[in-house]
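The block underneath contains the structure these notes are about, expressed in structure tokens.
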Amino acid sequence: MIKVGVVGATGYTGSELLRLLVCHPCVSVEVVTSENYVGREISSVFPSLGGFLSLSCVKLDVEETAASCDLVFVALPHTESARVVSSLAAKGKRVIDFSADFRLRDSAVYEQWYGVKHSSPELLGKAVYGLPELHRSDIAEASIVANPGCYPTGAILALAPVIKEGWMDTESIIIDSKSGVSGAGRKLNLLFHFAECNESVKAYSIAGHRHIPEIEQEISRLAGDTVKVVFTPHLIPMTRGILSTIYVSIDGGHTGADVVETYREFYKDEPFVRVRNEGEVPSTLDTRGSNFCDIGVTVDQRTDKLIIVSSIDNLGKGASWQAVQNMNIVCGFKESDGINVPALFP
Amino acid sequence: MIKVGVVGATGYTGSELLRLLVCHPCVSVEVVTSENYVGREISSVFPSLGGFLSLSCVKLDVEETAASCDLVFVALPHTESARVVSSLAAKGKRVIDFSADFRLRDSAVYEQWYGVKHSSPELLGKAVYGLPELHRSDIAEASIVANPGCYPTGAILALAPVIKEGWMDTESIIIDSKSGVSGAGRKLNLLFHFAECNESVKAYSIAGHRHIPEIEQEISRLAGDTVKVVFTPHLIPMTRGILSTIYVSIDGGHTGADVVETYREFYKDEPFVRVRNEGEVPSTLDTRGSNFCDIGVTVDQRTDKLIIVSSIDNLGKGASWQAVQNMNIVCGFKESDGINVPALFP
Amino acid sequence: MIKVGVVGATGYTGSELLRLLVCHPCVSVEVVTSENYVGREISSVFPSLGGFLSLSCVKLDVEETAASCDLVFVALPHTESARVVSSLAAKGKRVIDFSADFRLRDSAVYEQWYGVKHSSPELLGKAVYGLPELHRSDIAEASIVANPGCYPTGAILALAPVIKEGWMDTESIIIDSKSGVSGAGRKLNLLFHFAECNESVKAYSIAGHRHIPEIEQEISRLAGDTVKVVFTPHLIPMTRGILSTIYVSIDGGHTGADVVETYREFYKDEPFVRVRNEGEVPSTLDTRGSNFCDIGVTVDQRTDKLIIVSSIDNLGKGASWQAVQNMNIVCGFKESDGINVPALFP
Amino acid sequence: MIKVGVVGATGYTGSELLRLLVCHPCVSVEVVTSENYVGREISSVFPSLGGFLSLSCVKLDVEETAASCDLVFVALPHTESARVVSSLAAKGKRVIDFSADFRLRDSAVYEQWYGVKHSSPELLGKAVYGLPELHRSDIAEASIVANPGCYPTGAILALAPVIKEGWMDTESIIIDSKSGVSGAGRKLNLLFHFAECNESVKAYSIAGHRHIPEIEQEISRLAGDTVKVVFTPHLIPMTRGILSTIYVSIDGGHTGADVVETYREFYKDEPFVRVRNEGEVPSTLDTRGSNFCDIGVTVDQRTDKLIIVSSIDNLGKGASWQAVQNMNIVCGFKESDGINVPALFP
């Protein structure tokens, strides 16, 4: 039984995390912090938690949080997060960080995309990118786990098995992602006002989304070479889920069956990645409210394109569930503890 | 560890039940039957179950089901269900029935509302109406548990605490319910075609819905007198959830605080009913994907009306989760085993 | 051809109004005012208007608006509206006001429900409640038309035909309304944040909504006596539409067919009210994007209740389309000019 | 005033067409045919049409339809359509066909993608592909207008302005489209059952959708060379709208401003195509319930990709509204008659 804290508990990743932690067999939640709800019972902020957790939101005090917790989840905006994480790490606490602050290894890339200097560049080398399928053993040793972004999780898992294959063209990658609106968080904005995004699809941050360098870092690492991607996120009128449709050019002669085999081999020991049969395509409803990433592949022989479709829950494998998976690895719990649940269908 | 079967596993109550059973600590699913998917892997019918259950759907064979299971959930249309349930019961199996066949104690009432003769009227006295908050001890002994209808669950729980109070008028009850579309099941019908029910609200079965006698039976029992209700169900463009807004005339002088107290006292030992503070109103999102029934009450002193709002998930407390709660009681498991999870918010 | 202005053009009632006015055969839009978008092209605020209107939003200047317009639509928050409307009226302009400021004839009632003193009580007697089906001839003469609230429009039209019948009980009226989220306007609020209201139904302002006195005023006038109503609004995960389900106690012996006849007779000359056949129930999709109010009635003979269901578009007959209908009457245009269009189905 | 008939009036393209035709200044609807609703008033099938059209659905009789109409819209499944269209054309009637039967000029391509022999290959040369922006003058003379598919309309309009530019690579085209569910029509299928597609995104017909040859035919014609495309359609939980995100490789050195200019020049005389400013991206809500196609372009200078986003209403410019535009051209009416309306926002 470990004691954990959640810093920034009143956003969607925070509430989803609490939902998991209150049911986790090895965890006790000791501290929940908030900016906007200080002094309020967490179950009054989120009535769905009524009966599960009797804690009031407190203003963040790093000292106190460190004193009462073994491990801390930090769900703050970038730059703010870096300061808190580095303080907590300095006190010997293990931290799982939801922000982008420790995902990019190269502070110059961080500064280019985020437009600010990194406050703790010396820690970048120590933090581990928390995608267990790629970095499980490093995560187990990490003091800071940088929990991946939602889009990168779905995109990297979809690309990893082929990225090293000689028969694909690493300059041809196009990632077209469709996300539910909860991915945008709980901050008010006309873009996420019900009547403005209901019954509407829209692309945003075309060619400029901050998840691009994160995707490129990870697949470049796999490829052993610098890889660039085209990435377009879209906002979809639903609450949860990311479907990524990914296009890569391949040599002729490959079949869907081949590629399914390549993917199954790559993920054969992974409990949370499911490769679908040839001809089957995942939908976001298959993974909603779960830690799964479902992947389907199709070969377009007319055009020599491989089309990969991956489905995750942006708050699930794309955020809070993956954070719990990381905690399980960090703490030596069973990796699937508290997250081995089928999606909420329908 | 008991062995269970699910008869009629490929509808929404069936799939939701399987979702719970595969994670339940004391249960092993041995048989899943289907009409339309015989021979297909259940995880190919419901990809969300991939990795959790390796069973193929079989055509229902009562003998075989009885031979391999200790307890059977039956999720078949009414009349069909009665035949299967009575056969299973005759073989000494304990049965939890999702249909309406064993909910009404009086076969004449059944025949009036369902328009068919009941095939096993002799069993009606033995079956127990599976609402644990009202009939827990009877359920523990029952061989047949009639799992309640979705609308009745939300309505009866909302009315039970006041129905015996001398200060309410039992002739004044109006129940206006709003349900997600999954309540209509998986059978194709233009009414539930996406483009016809999206962005639309509609009332249906006004003054004639078959859940009326079920509500009346239970609240009449509580009142010790025959009580009639007006009930109007509505179809809402969402997948899960029932919000029931209930109007009853009361004597003057009562306050919201009083009534909250009455409700809290009534439900003080119930793990799955949450009475909200005065002035708070439940929404369906607070109970989605859970076994909770949340209740809020308001007194309109201008008109001497008590307005009760209850929220459940029609597939949760309104169907499959309550069925698991009933199984837990029947089998002597901890009542909250496998269902003690907060709602999926957002 | 008249010149019109829209004060408060960048909310949803404003944009819907502009959508109609740019297609109206007898109208030229001369001024659009806004608080938040001063200096911006209206078609940049609402790209859907691109190609239809080349005007920039200006800050409201009553003098200039009066100078350039024959008639002004005012879509401002209450109290703000009263000041602007009275200034415009003082300059001899005809005004159609979307706010509640001139809907209630009795300033004491206004002050009780809105919690502020009315700034121009002397005008209350001159303003006309803009429900053409009840006040057509007065509207034609009015200098100030108080465009009705969305809920009152659907509720009053549903109740008007029976309110004077001796066989109904005017103390028994319960109005349960379900509204799309656009009714809440464009102002940011966590309640209307996509992820919070999607897949959720919730009641709000139970027993205290400000549309209550408006409904009571109009049906009391029809009844010739003071009538109170119970009214509960609900928020539904859709953009447009209000379905009101209304319950009234009636004497025994009435049939659905009778009541349909009563309604058809009452509305026989009305172009925008459609009474459905017995057994048919309107849905909000039948009236979305139109000026229609559809009404269906059912008699519950078990309980002697009449259940009336009405459907409108909250931005249609419930706001901007009715405002254009009022303008047509005020200006002597054909009453259906610019609004005689079937609903957008599906 | 011409007399028109609608063959296959009770699907979504049929109902949308009727909605437009009953308001069109130069048209009288004389015949509506249906398979499933013979004998029923069209306004009972679509209550939204109540008060606009008093016609009963009849079984299709080509003779009678030809006798009573000047022009016929045919909205039947492919192959069925070919037979009806050729009969009507043989009788000298002008026909606007919604099916795919006359869209492809080459019957071999038709047979390859549709898996059936074309019944009237001799007419393929006479039919005109009804995209006014490309074929206006031919449409004016056509006896058979093949109304374009919904996906092709959005994709071709998005690609037309650049397809001939020397600086783009015609072998690099990837079209990723997101469609509302009404595009799938009114035929029942579990895929379009509310609870299965709500809150879900899914790709379908990957690398095999029948709109591929239609897109390729038209852009090959423009390019003066054979062009292939990769096309992936997706089903989105909304009713109307198609957003197509299109990726093409371009030479370095081009800017967004350049490309906007190229597009504006190309469409400078088109009333229904709106090219957005640099940096602005259309959403489907901007075109819902209208005949507009909105286009936004972005240049990704990191990867030398041009990303084009187009938005249409699949039942609007993608079907029935475009059909009316074609009728206007064929009949010599003003091209915007009856369809010059802003989108329904929100």
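The chains carry the letters A, B, C and D, assigned in the order they are written, with residues numbered from 1 in each.
What we mean here is this: a contact is a pair of C-beta atoms (placed from the backbone, for glycine too) under 8 Å apart; a residue touches a chain by one contact, two chains touch by 3 or more.
Fair warning: this is a prediction, and the values are worked out from it, not measured in the lab.
Two chain pairs are in question, B-D and A-D; the one with more C-beta pairs in contact is A-D. The interface at C-D recurs elsewhere; of A-C, B-C or A-B, the pair that shares more than half of its residue-numbered contact pairs is A-B. Subunit B and subunit D have Cα centroids separated by 45 Å.
Averaged C-alpha coordinates give centres for subunit A and subunit B that are 36 Å from one another.
In this assembly, the C-alpha centroid of subunit A lies 38 Å from the C-alpha centroid of subunit D. Annotation for subunit B: residues 12, 180, 182, 195, 198-199, 237-240, 282, 285, 288, 346 touch two or more other chains. If each chain is drawn as a node and touching chains are joined, the picture has every node linked to every other.
On the side of subunit C, the complex with subunit B involves touching residues 174, 176, 178, 180, 195-196, 198-204, 206-207, 228-230, 232, 234, 236-241, 243, 245, 247, 281-285, 288, 296, 298-303, 305, 307, 309, 346. Residue ranges on subunit D touching subunit C, taken from their complex, read 12, 15, 19, 22-23, 46-52, 182, 199, 239-240, 271, 274, 276, 280, 282, 285-287, 289-290, 292, 294, 340-346.
Residues 12, 180-182, 186, 188-190, 192-195, 197-199, 237-239 of subunit C are the ones touching subunit A in the complex.
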